[in-house]
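In what comes next, chain A is part of two complexes: it sits with chain B in the first one and with chain C in the second one.
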Partner chain A sequence: MRKYWSFFKMRLMAGLQYRAAALAGMSTQFVWGAMEILLYRAFWLEHPERFPMGMEALSSYIWLQQAFLTLFALWNWEHDILEAVKTGSVAYELLRPGDLYSMWMARSAANRLARASLRMVPVIAVSALIPAPWGLRLRISPAAFGVFLASAALMVLVVCAYSLLVYALTFYLTDPNGIMVVSVAAADLLGGAVVPLPFLPEGLRRFAELTPFASMQNVPLRLFSGDIPLSQAPAALGLQVFWAAALILAGYLLTRNGLRRAVILGG
Partner chain B sequence: MKLYFKFLSIHFRSAMTYRASFFLSCLGQLLITTNVFLSVVFLMDRFASVGGYTLPQLALCFSVILAATSLAECFARGFDAFSRILSQAQFDRLMVRPRSLVFQVLCQDMRPTMLARLLQAAVMLAWAVRSGAVAWTPAKALVLALMILCGAAVFFGMFLIGAALCFFTLESLEVINIFTDGPREYGKYPFGVYGKPVLMVLTFLAPLALVQHWPLQYLFDRGPAWYGVLPVVSLVFLIPCGLLWRLGVRHYRSTGS
Partner chain C sequence: MIEMKGISKTYRVRRREAGLGNALRSLFSRDCTEIPALESMTFTVPDGQILGYIGPNGAGKSTTIKILSGILRPDSGTCTVDGLTPWADRKKHVARLGVVFGQRSQLWWDVPVMESFGLLRDIYRVPAADFRENLERLTALLDLVDLLKTPARMLSLGQRMRCEIAAALLHGPKVLFLDEPTIGLDAVSKLKVREFILEQNKLCGTTVLLTTHDMQDIDALCSRVLLIGKGRLLLDGDTAQIRAMAGENLSTEESVADLYRRFGI
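Here is the complex of A and B:
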């Protein structure tokens, strides 16, 4: 376990080097968040009675979404891993003392955390200063915050496990691009990026909430904003645990089997 | 002009060489923009209207913006990805050739996959027209065409600014995305929906509302006829863009060979 932990720390430090790029990216994050809130504001002012969640909760949801974007966005693929599998340089990684799947997991989680930690602090700090109901509401009970942290950790696991499943499939396919585009689109739609899940039509929302994509950004963001009350948290977290376990198992088996059949050419 | 078509055919043929990957990226583009439109559909399903607009009217609005950005991104890709041309020192080569620089950068790169989006825009437009978003007259059809063409020109101006800034920063600035990628996403609603400050910025500073919000008022019979002429006025925006580009070129220093 210790070697994966130090590998994780190494990756985290490498990721924290690109500070200027993160700062430049943040300005767009503010505009994106503000435009999104202005849009929902128009709907809210016209039809407040048909709003499925409170405006304050929605604003918190949107700002946190901008703050953590690089943490959960599925399009944040590890292109190095994909290349390694495609070109066969994955052979070098096999020489390392450690399990390939766990190493990939440590690496994806570290890169995501590094990218997000640079962006999230300014976004959270500024959006918390915006007056209610348009800003990020930071008042949250310690218990709820603890549940949020647990759910966020599970989210990172689910996102990484899903990406690893796609990398593992690369052993079997020549071109993983098809799965990648479809996954990203499905995750946007069913995970609450296109519109937050409460805004979906009833039938679709029920279906979406069961998919692994809803175990990504949807659960922690809605927990933090108070849209999912604490009483319903165990069910939501339970589903996250289930998806994390299922995806890790599937990815692990596929990787092991893929490595067994893989033939690496050249010498 | 003949030269331009020659380049056009080269880029299209090279894209078609890898046919499977060409269609895959078309599919990827389509899924992204379809998701954007689905967000409109879901919200309209729940709220029925916003700012007095109905779903077919919003579909018309989004198809105009989508068509304009797709045209610009397809044909002005060279400026969109200009930092690459600069960092690979291809710009020196362009400067010694006896053709205008803008023309040559346009020829450097094109993105045929954007045609998939153009197709989606056409489908949405056809649906909007059939659902009676607008009471048509010949003048209104003309205004619609102007909106798309002038919209593409304004986006081209945005790319030009982004490229000109590259002369000073060498890196491409993500900030310019606010005015290139942003409107493709947020142009799904007439900009007036976002409130007056946003509308004013997009009217006088980055004149995207002139090709979208204002002429739409005329198309939907919510404003006077002279709003229909505003897309042509937006072309004035290209003058400062061009000046900035020339300033950038003068500032350019080759890294040598």
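Here is the complex of A and C:
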């Protein structure tokens, strides 16, 4: 446990060094969130009755998405790990007395949490002050908040496990870029990053909700905004547990097998 | 004690002639060439020895280090380091092992060196008292006081190498592998690194396996030298023996070059 806390601290400290990046990221998120809401507002004013989500729920969804962008987004890869596998400095990680997969998992989760913890505070603080229905609604029952936290934790597991699967594939490929690009595109569309899943056509939405990508940001964001009612939470969380377990198992086996055949090239 | 018995390792390398036609052909059938990196390598290193492991590029030095570190599995043969088989008992084995690859870095690039040391302490679960003691000793011997607060990316190569060596020894390993630790270092840094290796060996009885192309490293440090070429052990002796074999009044460097030529490696 100590190890994992250390990784988290290390990441947090490394992240704190990039003040300019954090500042730039934060202002981007404000502008982006505001623009998205303005866009949806135009549609909503036209036909509020045909909106698949309440405007207030949608605004909460968007602001929370912006606040936790670096925690949720699949494209927030751990480039150190990819580089380590590509250049062979993974050798050093194999020299550590620990299981490579769980160390990677700790690093990925720590990296995401550390990055998000810097940025979420101002976004949440400011967007909560925006009047309804355009701001972040923080009124949430303790039970719903508990379910949201559980779902967010599962989400971090699913995203990290998916990333680790890609890192593990790097053992077998010369360059993982293709898989990364396709994964990010799929996650953006099917995971509710481009538009929340309720806005997708019925058939596509049904399909999307079964993919691992929907077990990422889609579930916790919709739980928090109240779009998924508590009564449907067990099914959504159950699917998250399934994908987390399946992805972890696949990634673990691929890593183990990849290491067995890995040859660290060069002197 | 390090024991290697009949260790062999063969790499498969894909080859093709240059040109588009050949590139297309290789889509369907790939030619694999087998390159033997080690052929029944056998040697023993007693505790507390500083062993020089030399040979031309591609001789199998790094392969040996990787097998001994548990990173690579050999195709055949047995190997134990203090009773453990490196690749089978990897976790237990690496906890008692320190490794420095001169061409790679184990320090976190963006944070002060001390943060990396703290993370290593937690990864190896070094007790606080041991860590403090090791750190104090290493800081004094390697002259790290001013470097610990500096991010690794701001260090010169010589400074960084001193930190890398300290990083490999924080958990007090009994065995230390140094893979070209003086590569690219200036004269002052080289001397400092050598002085430290001797000191560490004397004080803590650390067994050191050193690969290098710098024969002055060998002259200064190693009581015993293994010369390998094309994956085979060619000579097991000390520098005096190497010079004697080459005859005349050659330096160690010239003698080794002469031996490389004579062995045709």
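Some points to look at:
Just so we're on the same page, the second predicted complex is superposed on the first by the 245 of 267 C-alpha atoms of A that agree within 3 Å, B and C clash if a C-alpha of one lies under 4 Å from a C-alpha of the other, contacts with A are read in each partner's own complex, and residues count from 1 in each chain.
Note that contacts are C-beta pairs under 8 Å (C-beta built on N, C-alpha and C of every residue); 3 or more make two chains touch, one makes a residue touch a chain.
The model shown is predicted, which means the values in this text are computed figures rather than measured ones.
Applying the stated contact rule after C-alpha superposition, one finds that A:A143 touches neither chain B nor chain C. Touch criterion met: A:N177 reaches chain B, while chain C stays clear of it. In the superposition on chain A, A:R96 makes contact with chain C only, while chain B stays out of contact range.
With both structures placed on the common chain, the touch criterion links A:F43 to chain B but leaves chain C unconnected. When the two structures are aligned on the shared chain, A:Q17 is found in touch with chain C, with no touch to chain B. When the two structures are aligned on the shared chain, A:S6 is found in touch with chain C, with no touch to chain B. Residues of chain A that lie in the contact sets of both chain B and chain C are absent, per the superposition on chain A. On the chain B side of its complex with chain A, the touching residues are 20-21, 24-25, 27-28, 31-32, 34-36, 38-39, 42-43, 45-51, 173-175, 177-178, 182, 186, 189, 193-195, 198. Chain A contributes residues 21, 24-25, 27-28, 31-32, 35, 38-39, 41-43, 46-47, 50, 52, 175, 177-178, 181-182, 184-185, 188-189, 194-195, 199-201 to its touches with chain B in the complex.
Chain C meets chain A in the complex at residues 11, 57, 61-62, 66, 69-73, 90-92, 94-95, 97, 99, 101, 103-106, 108, 110-111, 115, 118-119, 122-125, 179-180. For chain A in complex with chain C, the residues that touch the partner chain are 2-3, 5-7, 10, 13-14, 17, 87-89, 91-92, 94-99, 260, 263-264, 266-267.
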